[in-house]
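Shown below is the structure under consideration.
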Amino acid sequence: MELAPQQLMKFANDEGLGKRTWAIAEGYIPKDDRRKDRSMISHETACILNTSDHQAQIEIMIFFSDREPAGPFRVTVEPRRTFHLRFNDLRDPEPVPRDTDYSSVIESDVPIVVQHTRLDTRNAEHALMTTIPFAA
Amino acid sequence: MELAPQQLMKFANDEGLGKRTWAIAEGYIPKDDRRKDRSMISHETACILNTSDHQAQIEIMIFFSDREPAGPFRVTVEPRRTFHLRFNDLRDPEPVPRDTDYSSVIESDVPIVVQHTRLDTRNAEHALMTTIPFAA
Amino acid sequence: MELAPQQLMKFANDEGLGKRTWAIAEGYIPKDDRRKDRSMISHETACILNTSDHQAQIEIMIFFSDREPAGPFRVTVEPRRTFHLRFNDLRDPEPVPRDTDYSSVIESDVPIVVQHTRLDTRNAEHALMTTIPFAA
Amino acid sequence: MELAPQQLMKFANDEGLGKRTWAIAEGYIPKDDRRKDRSMISHETACILNTSDHQAQIEIMIFFSDREPAGPFRVTVEPRRTFHLRFNDLRDPEPVPRDTDYSSVIESDVPIVVQHTRLDTRNAEHALMTTIPFAA
């Protein structure tokens, strides 16, 4: 029998681990459609960890250099789950434009932990970068 | 009609998200002029997100290993906008020297979120790195 | 004679440096078995530094997108030692699945410092990324 | 005439920006002697920014997986200067071994800002990673 994490870990409580507001100032999805393998297509990811026992209702706003922000994009992350959200996959209310500088703000109704990663496969070889974003 | 983010997001208030002082201890622009495509020229970027409803007046000082700091470089970021500032593009009061170790301190009159990214294309393939800087 | 660090450093005290709970929202081990050299096989690492004078008893939980968390995985880090833990090497209670999104939470009974690094060698050339995780 | 930064910047005061203790849990210098160009030899760097008006007296301890820590390594960073310290260059009391996992703790008598960067040129193409370390 698999135990829920709150029975195993010292941090565990109903509240969950993390912060409710995160900001990723970097954002850029290369215009790169040559790759067919989803794992190797250039992408920007916000990895979202919800250690709490509640579903996380999340709203994302995308900020641009030359127009008003877009959003809110809405995603949910189930209790005790991680969701590696690709900005490439956002469609509603609009797709994230390629080859365009942006930033994002991620807000959740329960504490979450976010990490930002980019895979860039514009060249034959790929490049990676990651960071913890700003948490408020 | 597009709504301003303060009508959409829970974090929103007149103050904005982030901190007023950021420091990036790493800094190095490779001497690399072979690339013609702006998106692929080696560069150092400070991605600056201003979620507030006020223009951000920003001053940047560049610190070197062997001389007094240069600056202030002045940039503005409009309300609810992001600006991916390339250190390569700074010209006034002086350009940032290539092939030279530096650090930077970024100060704003309203809270901002900053992220540091380098694209290095000295070789045929490119390398990326990013981090959130120190915030005070 | 080599002195223990608490005799040398100003930070030193019985408590050690760092935090007791860390969360790494990113996690992904590529399915890559072509490399024979251990140093160049694609891997995810949690570098764990224990500056204290006590053995660190550490429990790790792995979170997935589609099932309950796995763990606890248990490791110990000796006093005044670092341990670069490869998630690839975890076996008990189960291996970390390849080609699968995950997150991790690391808890210690003494303060530790954690850093997350991935080496990705799916292509001929390799990519690296690192970040400090979220600390609670 | 070039002004010292405290005459220009709002953060400026005698104290300087940052923290006095930093810990980098990741550390690994590849065994790579094929490169002749110093800028492209694989290296680990601690970029150290001293915005204060005082010389920073810095002590570094290196932690290993299987023996007592080495150090202190002593460096100084002049007022209003940055120093991109390569761990490769440390010699006293001993060199940092290659192909060996390590961690480091950096302590200063005045506040400093530190950033950790690795350039890895084991392959034909190079990889980069950077992060802000843990600050106490």
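A, B, C and D label the chains in the order they appear, each numbered from 1.
What we mean here is this: a contact is a pair of C-beta atoms (placed from the backbone, for glycine too) under 8 Å apart; a residue touches a chain by one contact, two chains touch by 3 or more.
No experiment lies behind these values; they were computed from the predicted model shown.
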### Query
Counting shared numbers against all numbers at the contact of chain B and chain D, is it over half, same, or under half, different?
different
## Note on the structure
Looking at Cα centroids only, farthest away from chain C lies chain B
### Task
Tell me the angle, as a multiple of 5 degrees, of the rotation that maps chain C onto chain D over the C-alpha atoms.
90
### Query
At what distance in angstrom does the C-alpha mean of chain D lie from that of chain B?
22
### Query
Just curious, how far off is chain D from chain A if you go by their C-alpha centres, in Å?
30
### Message
Give the residues of chain C touching no fewer than two other chains, as numbers and ranges.
### Response
124-125, 127-132
### Query
In their complex, what parts of chain B are in touch with chain D?
20-21, 23-28, 30, 59, 61, 63-66, 68-72, 99, 101-103, 105, 107, 116, 118, 120, 122-125, 127-134, 136
### Residues on chain A engaged by chain C in the complex (per definition of touch)
2, 4-5, 8-11, 17-19, 39-40, 45, 47-49, 51, 80-84, 113-115, 117, 124-132, 135
